[in-house]
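In the part that follows, the structures are each spelled out as structure tokens.
Next come two complexes built around chain A: one with chain B, the other with chain C.
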Partner chain A sequence: MPDHDELLLWRILGKLEALALHKYESLLPQLATPEKKAVVSQLLEAAPDDTELEASALREPVRELLAAADSPVPTDALIVQGFILERLGQIIYKLLSTHAGVSPTTQSLAQRGWQACTSVIDLATQQISRQVGEGDRLFQALCGAADGVLRRLDGLGEGVDHIFGARFGLTFSEVLGEFTAELLPACVALGVNRRKLVCHLAGVFMGL
Partner chain B sequence: MNGMSSRPATVITGVTGCIGSLVAQKLLADSNAHLLLPIRPHHRPESVIARLARDLPSAQIAARVTFIPLPPAVAVAGLAAKLRQWQVDEFIHCAGCVDYFHRENLAKGNPELTGAFVELARMLSVRRFVFISTAFSSGYRDGLVLETLHDDTKDDPTEYTRSKREAEAIVAGSGLPYLIIRPSIVIGDSRDGHYSGKRYGLYQLWYAAEKLMCVQYVPRIYAIAPRVPLQVIHQDAFQDGLLAACREQPDGSIVHLVSRAESLPTVRDVWDQWLLTVSRPREIYYFDRLADVPLEKLSRQQQVWVELTAVNVDISSRPWQFETTGLDRLRRNGVNFTDATAQSILTCQQRFITGSERVRSFMDKFKNERAADPHIIEC
Partner chain C sequence: MSTADRTRSSCIPSLPVDKQQAINRLMGLAVFGEMVAARTYTLMGQLKPEFTDLMRKFAGMEGQHATWFRDASRANGIEPDKEFAGGELDYLIDQVNDHHAAHDFDALAVIQGFIVESMAIATYEPFLEVADNYPGARDAFKKALDEERYHVDWVTRYLRLSFFDREEEFLALAERVNVQGIDCIGGTMMKIADYLSEIGLSGADCAGCMMDGYTELLERVGVEQKKAAKNVVGMFMPLIHKYRHGMKIK
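Coming up: the complex of A and B.
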């Protein structure tokens, strides 16, 4: 059975994933895949309330992240949810799916979560290329749509390290490293200038 | 409000930011000017006063400043009627946007906003318009960077430098008497390391090290650390240089506020100071350029670390040579301009460490793992 820490992580992932699914269903229905719906359903069923989260140091950073990610603009949702936060979720699921210290239930859920994120990222990348464009056009759109969310990730750092660092080996620096290592080539493949993007990410991640 | 027109007033824009607040602090401490401070509605005057209260008590500051609600750039000219209640003598325009590559924000925050304030200053027939630009507004170019307006270049470090160059041209072409100040990268106070700005340059580097390298002990660290001067000035030097330039430089001047090249620490010095004080890995791999790093051999975390930190010092670590005719003259006339040195940067670093529980915890927690004598490998 998932323990207290696992359920807290499930709740956080559930809230983020539920918002993503809501955005997809209302703005980008092609991204509301059956796999994503199944993962969201399982997360919310297993960790249905905010009691643990409200009592933790992550309460406010998670609330701010959710607020920043809640744009009503379809292209913002495409970039923020489909391209940025799905990638973040993918990395967290990947870490959990192979972690010896978590329950088999969490490992199994993480495996399904990773697969669902991977599918949505592929679909979103195609849509971004069509709807937003590539190269500098995409870079400018990324800055406009995603900066608020990326800045809020910085606020999660202390809490993540404190709560999940020792338990899951899930440190902010590892997640940020993996996330950036995934995001950079994905953007470069869409024609974004790597140096510009690195320079920009350094600013937003380091709290400018 | 009675008698408000009997003494001159100075408008300072951008007072909620680092540079604007440094300018306001200096004028409050070393002049009699009444300060008119346009601020956006979401900023609270009490917070601004609290920030300015470094050398003077808040009550004294409150009596010397008047806050003006700042409208969007298109409506800035509408402030003329209100400002005519004072005898506005000078504008010191510090507001701006530093989003390095966000063209839309840069256009709004630099040329457009500067144009709006220039127009307002013209309507008020001010004696002079002072514009705080950047030493890097030249973009990359060979040889000495002159204290003149720059023509366009195709090689800019960022869109930011281009937008500052455009804003300089607007000021110089306005017909108003002007003074353009071009500081290099402003860092903490040389005396105690106090820093009031955002995490740019050196601070971004230290913050990255705090965030990414102070969780677990990292036995092997890679860094881009060329032995070229890091172009920084202390905030107290900026304040002293600015005030002296305002008092002594003739209209139409452009002044580089930069530390003497021979005193500046190199990027390598800065890395040595951090890695040998805080991280103390077993092995340090130093490279001159990002292109020299075998990224494929590094872990993903190390790859990201190297790339993110390399961009922090990218602009400032080029071999810049700035003309300093204006500053040399101010020095001859007695201005106290404290150059940045390896030792003064260590003061700032120590202040940063003292203020970071994370860094102090790291140093304590891993005191047995941290190497006494890290092996340095020049690559």
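Coming up: the complex of A and C.
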């Protein structure tokens, strides 16, 4: 059975995934895949309320992240949800799916979550190429849509490290490192200049 | 004193510095950093007799850079801040001494040829944009930049040949050296970010250029793009986090 920490993580993932699904259903229906719906449903069913989250240090950072990721503009949702947050989710799910210290239920859910994220990222990447464009055009759109979300990710760090650090044996900055290392080649594949992007991300994460 | 034993000083730029203090510290790092580089290449030459002459040549070039930078400083009323530079470079010197004591030429090649040179290139290159504010500095930094690239070219070719078809072994070497090397040099980059901004550069751009430059070097030796990025970015992120939150960096 998932323990207290796992359920709190499920709740956070559930809220983020539910927002993503809502955005897909209302703005980008092709990204509202059956796999994503099934994962969201399972997360919300297993961790249905905010009681634990509200009592934790992550309450405010999660609320701020959700607010920043709630743009009504379809291209913003495509970039923020389909390209950025799905990738972050993919890394967290991958980590959980192979972590020896989590329950089999969490491992199994994480495996399905990883698959759902991977499919959505593929679809979103195709859509980005068509709807937003590539190269510098995409770089500008990426900065405009995602900077606010990326800046707010930093707010999660302290709480995540405090609550999950010892439990899962890694820090949030390590997760961000993995995330950035995944994001860079994905952007380069769409013609974004890597150095320009690395410099921009350094500024965003340094808070400059 | 070994690297592990050294007590790391906390010298986050907690108070705002003025432009003069910023350039004094940056030039201190440039002048004394070049002197450390000269010493490192000399030590490398002691470990592989077939490269002694070449390493001696590199050491001479680095020493020349220090002289150029000192002259440019003098011409512009800049007093290179030795104390600040010492606080930053002592940790690097410890690592160099440890690798030299272990007769580890390859580790020295990575730390000097890749990590230290990446930082030099990532700061000298953008400095050229503001160099005309300091008469005489442009020529000095332009020549030094070209020569640092020449050193990096040699180190890249050396490592590529040494680890040809042994990517995993090279990655293991890079990871071993990076753990302390990026903590040290990347940490210094974070600490000078505000000074760079003070003289009209972007601290974030310099940090980004260093990350990307070092990632490129790993790729040129044969490390796959994603692995290289993960290795470098993964180690910079904790430093960036510390910078953002005003925490002790090293």
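Everything that follows uses one rule, which is that the second predicted complex is superposed on the first by the 207 of 208 C-alpha atoms of A that agree within 3 Å, B and C clash if a C-alpha of one lies under 4 Å from a C-alpha of the other, contacts with A are read in each partner's own complex, and residues count from 1 in each chain.
Everything below uses one rule, namely that a contact is a pair of C-beta atoms (placed from the backbone, for glycine too) under 8 Å apart; a residue touches a chain by one contact, two chains touch by 3 or more.
Everything quoted here is computed from the prediction, not taken from an experiment.
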Clash or fit, chain B versus chain C on superposed chain A: clash
Partner chain(s) touched by A:Gln140 [first = chain B, second = chain C, both, neither]: first
Contacts of A:Arg195 with chain B and chain C, given as first, second, both or neither: both
First, second, both or neither for A:Pro185, with chain B first and chain C second: second
First, second, both or neither for A:Ala68, with chain B first and chain C second: neither
Which superposed partner A:Gly165 touches (first chain B, second chain C, both, neither): first
Partner chain in contact with A:Ile91 - chain B first, chain C second, else both or neither: neither
First (chain B), second (chain C), both or neither touched by A:Gly157: both
Partner chain(s) touched by A:Leu176 [first = chain B, second = chain C, both, neither]: both
Partner chain in contact with A:Phe205 - chain B first, chain C second, else both or neither: both
Interface residues of chain A shared between complexes with chain B and chain C: 154, 157, 171-174, 176-178, 180-181, 184, 195, 198-203, 205-208
Interface residues, chain A side, partner chain C - complex: 154, 157, 171-174, 176-178, 180-182, 184-185, 188, 194-195, 198-203, 205-208
List of chain B residues in touch with chain A within their complex: 98-104, 158, 198-200, 204, 207-208, 211-213, 215-216, 299-305, 307-312, 314, 358
Footprint of chain A on chain C - complex, ascending: 190, 193, 197, 202-205, 207-209, 211-212, 215, 225-226, 229-230, 233-238, 240-241, 243-244
Contacting residues of chain A [partner chain B, same complex]: 139-140, 143-144, 154, 157-158, 161, 165, 171-174, 176-178, 180-181, 184, 195-196, 198-203, 205-208
